[in-house]
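In what follows, chain A forms one complex with chain B and a second complex with chain C.
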Partner chain A sequence: MKLFKLAAKSAWNRKTSLSLAMISIAISIFLLMGVDKIRKEAKNTFLNTISQTDLIVGARSGPINLLLYSVFRIGNATNNVSYASYQDIIKMKSVKWSVPISLGDSHRGFRVMGTTQDFFRHYQYADSQQLKFLSGSAFNHIYDAVIGYDVAHQLKYSLGKQIILSHGIVSTKFSEHDDKPFRIVGILKKTGTPVDRTIHVSLSGIEAIHIGWQSGSRSSLSISAEQTQESSLKPKSITAFMLGLERKIDTFRLQRKINQFNKEPLLAIVPGSTLANLWQMVGSFEKILMTISTLVLLSGLMGLLTTLLSTLNERRREMAVLRAVGAHPYHIMILFSLEALFVVSSGCFFGVLSLYLIQILIQPLITELYGLHLAINFLDSEQFVILIIAVFLSLLLSLIPGYIAYKQSLTDGLTVKF
Partner chain B sequence: MKMSQCLIVFFIVFSGFSYAETESRQQNAHQHGKAELAIAISKEDVIIELHSPAHNILGFEHQPKTEKQQQLLANAITRLKTTDNILIIPKSAQCKLKSVEVESPFSHKNDEIHHHEEEAHEEAHSEFEVIYQYQCGDNKHLTNVNLKPLFENFPGFEQLDVQWLSNNKQSAKTLSINNSHIDF
Partner chain C sequence: MENPVIQLNDVHFSWSSHVAEIININQLTIAQGEHLFIQGSSGSGKTTLLNILTGINKPNFGSVQVLDVELNNLSSTQLDQFRVDHLGVIFQQFNLLPYLTLLENVQLPCWFSDKRMSRIDDLHQTSVNLLQELQIPKNLFGKSVNTLSVGQQQRVAVARALIGSPEIIIADEPTSALDTENRLKFLELLFYEADQQKSTIIFVSHDPYLAKYFSRVVEMSDINQVDLI
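Coming up: the complex of A and B.
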């Protein structure tokens, strides 16, 4: 206890250099924890994009490719799935529900997705959360559209607004389906998933706007919106579809069955598994980030060591006096260790404190901008381990100046040397 | 007249072709050393499916010809049926094996056909399919599985792509002999 007081008082005498060392450790701890937090949150958001969907089926390509275009709207399908095969598969016994997805058109940079009302019923994200309407409701007519939160927010659209879809994902004046405008009937609540940036229309809507477009652009014989209503609008193909099963345990069996479907080369993926595979690949990037922040922490600790060593000269007499009044050599060592412990633990404390302060400050901003709910959690076991390792390393490093001081105090005595 | 005859011939020939097309020519990917494992966990049932090229298990992929190869095949099937040779499930989950089905690519001995197509089969790849069905007393304790025994008992396995699902979770991992543990 006496040693503790002694160490505190001695440290107070050198408060400037020590507090600087402490700040550098606080910053490195903040960085390390921050990177760890971002890494985990990113993974969560990523894994939370789709939930309760047992299988996603598309044309045979890579599983990751299929996942990216069907769920994240990144990239394009290599092929479409024929509507007949879709019908065959959803008639299979174990299938409970299905949601068809038809992509390929856009509106002012936002992707348009053709689907059925089942999408609003069955698509779930995060922890089995369903889509909710901010205003309006699901589409009922061919020319109805339901838009995601970001679409409404960025383009300042409200219910009843007429919009014109473009053919393809690049908007040009020549490829607009301007003869068949859509009316916004629903706006979805923020989800933090790609749904926010999507315009949803019915499959027959997608078919309707492409009537007379078989050559890739509009044919001269244009068919009016009213006429289209009457003609039959059964789609020939869709881009992909989601499946929910009666019993989850049948998932792999059905997956194998679809993958061996003879009539058409199809690919069925379990979205969670494919996400995990994708994350394994992205994982090396997060490892690099963690390594960099660990190195920053190490340099902070080295800074502390430098500070301790540089004050060694000033403290020669302090040590000699202590030895003269009967301090054991290990007392000297403990003094240094205690000092390092002070600095590092308060560095850890302030680092973690500032991490939480910043999280609390930016949380509303992130919710508004990205729709992500940043969960503010207590430190998890991994983060505790980081802190403990930092403290332990500092104790280990403090042995070096401690040992040198002890050696010097033996030889120096009380004489003043210049 | 000639034109229409031509067309008819054309149609007949092509309809024949299109009929031939309905027979599937799709080929699955097949890579030695790699295999797939799927684990599905429901309330009390657990189904584990292993799909592997025969090469990983036997060291060869043709119809067993010699006495020794016959022996190897029989031996491999017995070993595959003993789950201790494949995986370790925590005891506290109280899992009991209900059934094992080993679908060997050589189990249907249809000698006539095989003699007929021997040459074609010589080069062909073949897959084992093994399905383990468990019933577990306490699924809450079923938190992990270790596939180390599989890698140790069948050195032909180098990489195992595992995907699993339980209640609301789906995930995947690639295992090897030094990294053979899965946490659900």
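Coming up: the complex of A and C.
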């Protein structure tokens, strides 16, 4: 206890250099914790792009390819799923709900997705959050469209706006469905998922704009929008579909059943595990970030070591006095360790404190800009481990000046003269 | 001699076997309550002798008994404890820790020695009394030692050496930074306080002027049988 008081008073006596060391440690802890937080939030958001969906089914290709085009709207399907097979599968008794997905068109760089109203009912992201409308409602008519937040924001679209869809991903004059314009009836709230960048229309809308098209180009026989309304718009095929099951336990049984589907080659994936696989491939940047932050922390600790070492000579007299009044050499080492402990733990404290302050400050901004709800949590076990390792390392490093001081105090004895 | 507190017998010391001996003392006995002045020029082995008496350096050969304890038989940790329990030490200068108050500086040995603490009823009162007797102005007690003059600092060092009534006070040229007037005043106070608690004083200095104030004077060159280079 007396040693504690001594160490505290001695450290206070050298508060300028020590607080500089403390600040550099606070900054590195802030950085490390911040990167850790961002990394976890990014991973969390990524893995929660889709939730509560048990299976995604598409034509047989690779699981990641299927996930990329069905959820992230990246790349293209190699083949379609026939509407008959879709109907067969959703009639299976373990299926609770289904959402068909029909891709292939775009509007000014944003992908168009044909689906049903079930999409707005069943698609969930993050912590089982449902899609919400910023304004308007789901589509009811063939030529109604519901756009994501980013689409509305970037193209400055509002309700009632008429838009022309293009065939394929690249818009050219020849591939525009300009004879059948769509009207925006709903704008979704920000979700932080690819939904924000998607234009949703009904399956029959997709069918309608492709009537009279063959092999990806317009036939010379044009059929007007009004005529199309009257003809039957039952789709022959869709790109993929999402399934929700009655009981989670049936997931793998149904997955196997679909993968062995006789009528056509299909692939069913469990989105959660495929997302995790994908994250492993794209998530290596988090390791690089963490490595850099760890190095910054190490350099902060080295700064502390330098500070402790640089004061050794001026503290020689102090150590001799302490030895004269009965301090053992190990007391001298403890003094150095306690000092390092003060500096690093207050560095950790201020680093974590500023992390929370900044999180509280930028939370509304993040929600507005990225649709991410930045959860302000208590430190998790991993972050605690980081803090403990930092303190432990500092104790370990403090043994170096401690040992030198110990050696000095042994040779100096009680009679330092300078 | 009655009640010897320190007995040296045939003590030899050198830093290594290849270099010349620094200390070769056949016999030195110091009695309880004595005021011993050890005089010697620089390099005569005064400091090494003090280091041997305080157990900082172990002799290569011979016996060092302090308060009937053979120092050679103690481990370094035991020596540290023995030193703080029984010895009060005053340096030439810079005796005090700048970041502690006067009172805390005086109380330091009691933080490390239960034995010295046990001889005191009220640590605060005892340290206040000591400082007052050593003529330190009361308004400085709670202040940092940086506000003190060198003479005042040395008197605070005396208070620290005396607190908890250690049997032996060891002073290594404590007056060398003081002027003549302060030197005498310092000695008077040191003697008065040490006598009050019957402590033995071992005072080392190169200054022959001080010798006449001591009851016993030992010339280093008389007891140390080494060839000085």
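Just so it is clear, the second predicted complex is superposed on the first by the 404 of 418 C-alpha atoms of A that agree within 3 Å, B and C clash if a C-alpha of one lies under 4 Å from a C-alpha of the other, contacts with A are read in each partner's own complex, and residues count from 1 in each chain.
Here is the rule we go by: a contact is a pair of C-beta atoms (placed from the backbone, for glycine too) under 8 Å apart; a residue touches a chain by one contact, two chains touch by 3 or more.
No experiment lies behind these values; they were computed from the predicted model shown.
Once the complexes are laid over each other on chain A, chain B and chain C both fit without any clash.
In the superposition on chain A, contact of A:Glu318 is made with chain C only, not with chain B.
Shared-chain residue A:Gly160: touches no atom of chain B or chain C. Panel annotation: after superposition on the shared chain A, the angle at the CA centre of chain A between chain B and chain C (CA centres) reads 110 degrees, nearest 10.
Measuring only between alpha carbons, the smallest separation of chain B from chain C in this overlay is 48 Å. Shared interface residues of chain A, touching chain B in one complex and chain C in the other, do not exist.
Considering their complex, residues 24, 26, 28, 38, 40-42, 45, 47, 49, 163-165, 167-174 of chain B touch chain A. Against chain A, in their complex, chain C makes its touches with residues 47, 50-51, 54, 56-57, 76-77, 80-81, 83-85, 89, 91-92, 94-100, 104, 108-109, 111-113, 160, 172. Contact residues of chain A toward chain C in the complex are 2, 6, 9-10, 12-13, 317-318, 320-329, 331, 413-415, 417. Listing the residues of chain A that touch chain B in their complex gives 51-52, 54, 128, 247-252, 255, 260, 262, 265, 270-277, 280.
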